[in-house]
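I am attaching a structure below and will ask some questions about it afterwards.
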């Protein structure tokens, strides 16, 4: 069942009822294709996505490359105008692109990028980066205030002592340190929502954990709502409260992280989970069900976008796009298998 | 070039016996590599020894910058300037025709002839490994014409199609240009190309890091299948230890230009001996099983230009003790029964009188350890 | 196109082709003799095809013109009409006979096409009678008589068939001259002799005209002997040309009756004081200008009257005969003092008390002129005058001179059969325009009624005495008032080689203008004989 | 891809994979001064700059002053000989330096300004505006600049230094603008630009503080390139005599030499020194550009001082066949 | 075919821009062809001829600029560039027709030679990077910094004056009439040799430098290493992999810098008095011959455009990525 249908469903799954900070409703993004041959065509990167971020909660957005995760994040950050659908900040629809209102929006919603090597301008020192963030969002800071706030930010991201890092250039820092600077920059605005677009995928395995733990800590400390985008489903399980799975621009499954990862409902999620490397898995793992490649987003398959790869595809899947259907455990899956009266094939039992 | 020709005899020799599974096919001995030619050179590899057995999948893991790629390139002498091999040997034992090649003593022509035929390599940036201006078919065929000039073009072409089919690409893609293929397909083309001459060793440097898990899974499965069919040996490089554990027979962990642990996949996963290995394994959240607390590894990876004295890992090591900051531990057998060729470079296992933490514990090694 | 022997030494005693060159760049195939831009005109080969009614020797204007296609002519006393008697037995190169009809036609052609009437002769009636042609003019043509005589004659049967003679390229020129066009290419035009020329059989078996791209190339060709006749400015001709073959490489640069003079703007600055003009005239080192500025090629003008010698010798009044100007700084200073000028330290001040400074301008790139100006600026320093040399683009300069927006500038005068043209360009009140309006001559805005009247008298007089009086007066004005400062004469010169052909005009035997692009070209070629 | 673009150069060093050398504090633009080619280039340029600044003072004669020593070769009195009017050629050369440098730098500066403006705008705004501006730049590139300059300059009433500089700048900005556009385009897609925007930076600040500083090297290289072009054009114009030949520059000297047939007279001293000066200045500027290129594209760096080390160790570095160098026994195993 | 279509639009716009620019330049600038003709004769042409010349050149008529623009286009489509003043009444088209083969051959051949030579040298130097060949770089930059015309002057001084083995000027020997016979062709080649060598010498280094840098850059691409790893012959790797990819930017660079190159070579013609289009332009410029200037400029631009188009086609043929898109 879609979240759109009201907080009532959510209430059933998350009894703690944290207030909704940021919400996407039927968010859609089509990128027009340039050039003469592609006239009138569009990349349907995001199609009618619903998403809710609550205070103090981490929502993981997983999906394979090109499934539209980053596009969702950018839409939420208002970096792209949406083709249709709404973004609501604390229940208020917002649509800003430039100027003061945009700034006011980014004060609330900040974004962290995948690649800390690329998201920091090589010519600016840590001080410049953080000072800008503070100055943009908190005008009229005195020099002393600024200094203490700078030091505070670095403390917050565990770069201690602050003086050691404040005057460094990005290239003088390790990947983990850079990503911390990027986080500190985001925190400089004192946001309530943090959109983290694959914040650790470019980092070394041994330092990933540090950054994730930092984010976790910050979430608890500052009561942030975090959207955690990743293609590593294991880290979604580790870090996120809820997990939303995307495929080819659409949300195919959502629910609390533990059950989504341990007991995937949608065939795509199953594929994803079973593909993830897992040392504990039995060596003779069963032949994986699905193969093939992600579809073209310019001419997506009709019906369920997953049907060409789905081992359980039915005729209906080819024509009708499935709505979000409850799949037990307070989860929803966009799959006709969960429609009433459909017999579940073997291998698709949702474990209790 | 002229002087090198004299060395032909020493470079290629016959070992005189047929290889069996488990025999070494590639031996890397005390390999050292520098970047730079003068005193400010970066010592990217120091005395690395590694043996690849016939039919074995050897995993090589470690943090970014620890020298995995350098090892792969150096072992094939493809390291770009300013890389220079400053010591060691790489010996290739052909299990098919009893040749023993000393890769560092071969002339250019010998090397060219041996390349790809004996040992093929799939690079880290396999996305960029295809020449953008030639059709993939041509690129598959040109390696065959270079090494099998006796066969006809038609045969090569048929073989190229066969290869593509083998890696799961429709043979009519033979006329595609690289940019017309998706990343996963290009990767598979590279794998197909690596197998074109049925080499005995395939080195794969992070062949799947740029792909997402579904694609990675497909490629890895394909690789395992092909290995089972064709029986080549693989050195598989990645920093994804969990993938290696699933895939590899044996895993070597590198840290700061050295191998610090070398064990079978299972041993390594269940009973890591080196604190770094342990930390590495503890950096991956498990997808299944109980949600355990992850410790990770504190600190950040070392800078090869300014390595700490002693064990390079000691500044980050929770168990560092006396000799760690003064002496460099050597990679040696753990000496424990039933651990076969298992090796580790850590003073915790070097007979010092220290309390070895439980998770790394093993019986102390006898002082007079041989091998 | 030079020096690889193909044009040079021939085999045995066979007569050599004569190679003529001009530094005029590539040309197009156009032998229309009336168009100044045609190759025929630019290289001068039109004069081997078309001939004038009479040969006028501009370097010796007092000589009587040599009858050519006209055997005789008769000017009315007022020079408002003339009657030509046309030579018999002249045939066009296509075999047709030349008649007075053709001559009449030619004059009518010129009269009817402004584009052909380069000398703006005011033709009135043109009548042909038997073998005579009579012309009448709307004004006296005394000063233009040479130009009328020099009119070349074209065949009526060809030219009357042309749809537009002004744009016809006349690629197969038919004329009465000794040669015909054999072949035309962008680099070489080859002329071969006729067998039925009225003046006899030409001895030069072939004349080749080559267009060199610039002075450098032309000079090189002359020096190497690849080219044997040309008119080109060359610095240091001794070294670059004569020295290459001392015996044969010759040049002769006689003056015509046209000069290069420094025009002084009397409407601006202190030049309105005659004393200043005289003083400057006295300090200018003409020898230096002749040698350094013009490489010794442009003849020195040392007569105070500004009339070049020997060409104008006959016109110089008795008062100034034999006089030559020399630098005389002391005299100049005296004149200035008398004129009310004062020397304030190093600076000369005019009677009004302003320091005397002026700018000498000429177009950028006219190296000889600019060198002259440098020398002048240097010379006037001796008087305490600060003069600077400035350059402009040609357009700006032309405009500046026409509207009088300059201090002093070197410019040429027209060249004529009498010194009239020189004086006319310098001081005729008829050309006078106020500052800001375009004047065609008299750029210095020299105002002198007497001068204007004298010029008028000279042009329109019906007797020699009146003309002599007027000419003397003009010379007086020139010497006393110095309306412009004459510097060098415009040469009508040539470089030539006597290696294969002899009989060139020389200072000793000045029978014709040596320049290959002058009407006398056919006369010279006819006189050439193989070198002994 | 609108048109085949030039190589996308990495913007700055110190990125992933290129380990920053220890002990080099900061990655400031000054590190270009460690490049040997750049140093040589800058020294020559500096030499000419000093001459340009002091021209009038150090010239032994007034370059316009005629003397009676006509057309004489180098001597103690006139080091580089005299012209046919006895002017001192050395003085002309010295005084002319200023004209060359000023026009070159002025044209370079104006053209660079235009190219930055157009290139960065095009690269940044994208879309139709980009198409239009790129088209404009390409049109200007294809239209042969020198003939156009010759035509314009020859027809202007006052073709003095500034005018010439303006004309050259007006026709010479396109190349730089193309490169600038390609760079901006690749920069604009960089995460740090997006990150700055997501952080709330205003548009102009992003352009001026995030993008432009990263273009410094490219701008500098474009500037130098235009200066070379401007110097050569200006000298060519002067040489063929379409610009004012009374203001001294090296082209003017050559013009006078040519129009007085210095060649035919064997007066090599009249045209050789000026040509050598042009070539030297051009070389200097090219070398500086090499330095910048190598600074921008680390792959181009010759291994520098290590060339010596290579030779000492007889190492022949090349792609595809890594050299094996075994140190003499006593040095081995010291690590 | 988006790439080619885009290029096509580009060509059309450039052609239009060049043609229009061409129309306006003389109209925006002051000057008077009659006066410059008079000036050329410095006194030997009587000032009275001025009126005659105005009448002859047809400069005494007036029409609106728009009408002139339309006429201009109309004439252009008939290949009519008007009548030259310098060579009055020869049509400009004829003047150009006469000179353009010389330029095409001299400039075209020598530019091509220098491009090919430079590219080969660049590949070689880049391939052997780090060796003594690298020391050719500063020498190369010195040569590329020498202005064409100056090198031409020196060449003339040395090889035509001091040691006269080559002719100093002209396109062929004056003794011949242009025709396709061996003597004439030999003479033309002989005359073209020195200017051609000048062009090659002063431009070859530029190509070499560009190609060297590209080769160095491309040599460190993965696919080149792969080619080595595949055990292909060194020549195959060098040409098929490194040079083949390195040449792509050089070709588009070649196309785009043609405008610059042509400019430089035209001056060579002036120095060598070569009967090509550059010299004609110079003549037109110095005598304010607008129709001629316009015609020559237009022809140069259009030839550059055509050359560009060829280079683009070559590029498209060499780079499969441009062929298929979207």
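Note that the chains are named A, B, C, D and E in the order they appear, and that numbering of residues resets to 1 at the start of each chain.
As a convention for this text, a contact is a pair of C-beta atoms (placed from the backbone, for glycine too) under 8 Å apart; a residue touches a chain by one contact, two chains touch by 3 or more.
These are the chains along with the protein names UniProt gives them: A, B = Peptide/nickel transport system ATP-binding protein; D, E = Peptide/nickel transport system permease protein.
Predicted model only: the values in this text are computed from it and were never measured.
Enquirer: Looking only at C-beta pairs in contact, point me to the busier pair out of A-B and B-D.
Expert: Pair with the higher count of C-beta contacts: A-B.
Enquirer: Could you name the chain whose Cα mean is nearest to the mean of all protein Cα atoms here?
Expert: Of all chains shown, the one whose C-alpha centroid lies nearest the global centroid is D.
Enquirer: Taking the mean of the C-alpha atoms as each chain's centre, how many Å separate chain A from chain E?
Expert: 57
Enquirer: Give, as an integer number of Å, the spacing between the C-alpha centres of chain D and chain A.
Expert: 48
Enquirer: Provide the list of chain D residues touching at least two other chains, using ranges where the numbers run on.
Expert: Counting only residues that touch two or more other chains, chain D contributes 154-157, 241, 258, 263-264, 303, 310, 317-321.
Enquirer: Could you list which residues of chain A touch at least two other chains?
Expert: In chain A, no residue touches two or more other chains.
Enquirer: Could you check chain E for residues that touch two or more other chains and list them?
Expert: Residue numbers touching two or more other chains: 30-31, 130, 161, 220, 225, 227-229, 248, 270, 288, 319, 321, 325.
Enquirer: Residues of chain E touching chain D in their complex?
Expert: Checking each residue of chain E against chain D gives 3, 6-7, 9-10, 13-14, 17-18, 21, 25-26, 29-31, 128-131, 134, 137-138, 141-142, 144-147, 149-151, 153-154, 156-157, 161-162, 213-214, 216-217, 219-220, 224-225, 227-229, 237, 248-249, 251-253, 256-260, 262-264, 266-267, 270, 281-282, 285-286, 288, 293, 296-297, 300-301, 304-305, 308, 315, 319, 321-322, 325.
Enquirer: Could you pull out which chain B residues touch chain E in their complex?
Expert: My answer: residues 73, 76, 78, 80-81, 108, 111-117, 120-121, 123, 125-126, 128-135, 142-143, 146-147, 177, 179-180, 190, 193.
Enquirer: Would you tell me which residues of chain D are touching chain A in their complex?
Expert: Listed in rising order, the residues are 11-16, 20, 26-27, 190-192, 194-201, 203, 209-210, 213-214.
Enquirer: Under the stated contact criterion, what part of chain D meets chain C in this complex?
Expert: 64-66, 70-71, 84-86, 154-159, 241, 243-246, 255-256, 258-261, 263-265
Enquirer: What part of chain E is in contact with chain C in the complex they form?
Expert: Answer in residue numbers: 30-32, 35-37, 39, 41-53, 55-56, 83-90, 94-95, 98-99, 160-161, 164, 167-178, 190-191, 270, 273-275, 279-280, 283, 288.
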